[in-house]
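Each of the next two complexes has chain A plus one more chain, namely chain B in the first and chain C in the second.
Up next is the complex of A and B:
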């Protein structure tokens, strides 16, 4: 117990003193995850919209596929991507393995099915009259799509937050395709795993606290945002 | 009586069941047409096809001197025909922003759009609601905002699906007043309604939809007395 208190106190010290190594890891972690979500979100929203609003062959199969991929373990995605990016793999010439770009690709693959599935649920629950009203008032399909996204924004933001939460805390994929290289690909989860294995709990706890604060902030933000929506409805 | 738009050979089937099979549907200009029919008779489906929102199995359109398929006519009808749902959908924004929605496509600048919105609100006697959230309005207020939002775009034909359903007497009267004013401004209107007594005084023509086909009912203008003019065979 005493060790835990000492380690926690040390963790606070590390965070507050602006320890460059810790803040570099935090910055890389957020940079990679934000990039992944930023790239994955637009196509995911468009696909989700098409799945919800249009009938076409294989539609139901696609929905099932995205729902299934939502629960694929990060380490499986990591392994697949590792095999693709390794020197002997089909994408080996790109020399992306053990780079932050490979981590971004892995996190896109991880978040994409979740974003599609959750956004699809939001669009599915949307009032079809919103789309028809926008069109009958002369909006182009693109503008009507943005209008519809605004109407279901609470669900879409919840989907984006959930996607970010999934990738920022995943370890399997980042470890496999990033390699946990200091100053290059070490992010919060891989650093926690490494420091804990070395018995250096302070740094692990400090980074864990950052993830915890992030998680609480995101959830509080979504709750407040959704609360405002309920008041207006 | 000049024709605004003419639809012919409208057919649509949903889940293998024929919903509509209409040989001819002529919409006269500057007139109000009342469309009646049982629930599920295809009134809403017909309106959505006419407004370019629902693709029929087949339909030809004669509009502005052109003979077109429904697909070819879609851009024209979406520009000139506005459909209002039974319970109009207002976007999650203020009443003024809702009314301004369609003005974007006209390329209006902000000042001109604001002026138009204020004039439109004044026209509908809704100025006091300009900054209210549209989601907080009553059913009658929503209907009047939706009518104002449509009018500001100067449509040639308004398709109104049960505009006075589930309204109290006062709201019905106010909505009816706006419809009268729209008609007097030269907008062609087609209204589907069960409550014929509310709409009766502004309707010039009465159509009845049954078994997927349209019957024209002859009537003394603005009277309740109707007789069936033609009863086409149902061949679904």
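Up next is the complex of A and C:
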């Protein structure tokens, strides 16, 4: 179809010409998703570590719960958050609905179970003796925790990349709680949906290409990193 | 299990492909293929089409498939040859569509109107200002939040044309482009205590859920004419031009116009027929 190649060519022009609106959307998308992952990762890693290394009541139930939450659709999280943040909702006074902060919160909720579940799997695969040795040698628990994280770094990085991949490409939650407001809460997925509905396919393709290139380079980076790790071992 | 198929296909693919293509074409030219109408969400969501189209099908035997999208997309679908007839409300875009040779035989069908809604507290003080331009002037000078559709829909184009008419350059500090449908934008305006421009039909459907009220309506600028256009049959071989013309003829006939005139939602009439007003007055 001639339309597709034309739109793709136009898409490249848009990206290269530094069309400010497109780059604003791209930077908002990345800013929101990076913030969400940055905030979600530390507590998720700690929880995953506890789930893998300590016995406590309800531990198995918690693990199942996180695994289940991994598959909750983004729109459900969006809807829940919308109702909480709405002016008639319990957190309405915070006036967060239709702001980028609400989008960050939504993406934290989306990525958290995935981060916990994947990090938990990595910690489980780790050698328990690494932790015990570090403690026996007099390392503080915090220090031993970092040693252990270093041992399973590849799995943890994979978890973080997967988490980022999930939130940067999701649309349901961002559309509902962000509202797709130009210059404020419009990110790549909501912009693609909008441009497509307007029949502006070039913009949609341009933004789609950015997402593709991003996830390609992230995954390539991870595999290079992991490859090195195997060589050193 | 697929062994026999897998050996047969690579040897002689041509007959299969030819058969499949032949089948597709025979379906394509079948006489009872539905007419494809690309139209705006307002006609579909208001329930008007559900009232009109069965009567049309009954009268002519032509079935209609409705593609209800924003005006911008409806025209784009028609440009691509994926619709036979379009019914939209954006006079400028319609003129371009026809000037570019994509559409022929445009007719006026009906009109409805837009209203400016906002929070009951009315921070810009537009209630009681009778003319549309003055109301917008107030919103702009007070920098009161205004949510714009921002999606190239007919309503969005209408809004932009009114700002232009008022010689106001909307500033992103208070003019927020939502890029969403009318219902979502109304909910957003309600949440953010902002003003917005909406068609009356969607307003009536949503007003119970909103803490907004109508603050300005009735101006000439807020009128919203709908046109129906046949897609130019010269562009694509499978355009069903005669069926498109049947719909145009029927919807602008006394029968179609009377149905539009009598259509009501929540006890309010939404559309005013414009094709042949005189007939209705008889």
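Just so it is clear, the second predicted complex is superposed on the first by the 233 of 233 C-alpha atoms of A that agree within 3 Å, B and C clash if a C-alpha of one lies under 4 Å from a C-alpha of the other, contacts with A are read in each partner's own complex, and residues count from 1 in each chain.
Everything below uses one rule, namely that a residue touches a chain if its C-beta (ideal position, glycine included) is under 8 Å from a C-beta of that chain, and two chains touch if they have at least 3 such contacts.
None of the values given here were measured: they were computed from a predicted structure.
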item	value
Contacts of A:60 with chain B and chain C, given as first, second, both or neither	neither
First, second, both or neither for A:87, with chain B first and chain C second	second
Contacts of A:130 with chain B and chain C, given as first, second, both or neither	first
Partner chain(s) touched by A:194 [first = chain B, second = chain C, both, neither]	second
First, second, both or neither for A:186, with chain B first and chain C second	second
Shared chain A contacts, counted only where both chain B and chain C touch the same residue	none
Sites on chain B touched by chain A in the complex	48, 51-53, 78-79, 81-83, 85, 87-89, 91-92, 101-102, 104-105, 133, 135-136, 149-150, 153
Chain B-facing residues of chain A, complex	127, 129-130, 132-140, 143, 147, 150-151, 232-233
Complex interface listing, chain A residues touching chain C	3, 86-87, 97-98, 175, 179-184, 186, 190-191, 194, 197-200
Interface residues, chain C side, partner chain A - complex	69-70, 72-73, 75-77, 80, 150-152, 172, 176-180, 184, 188, 190-192
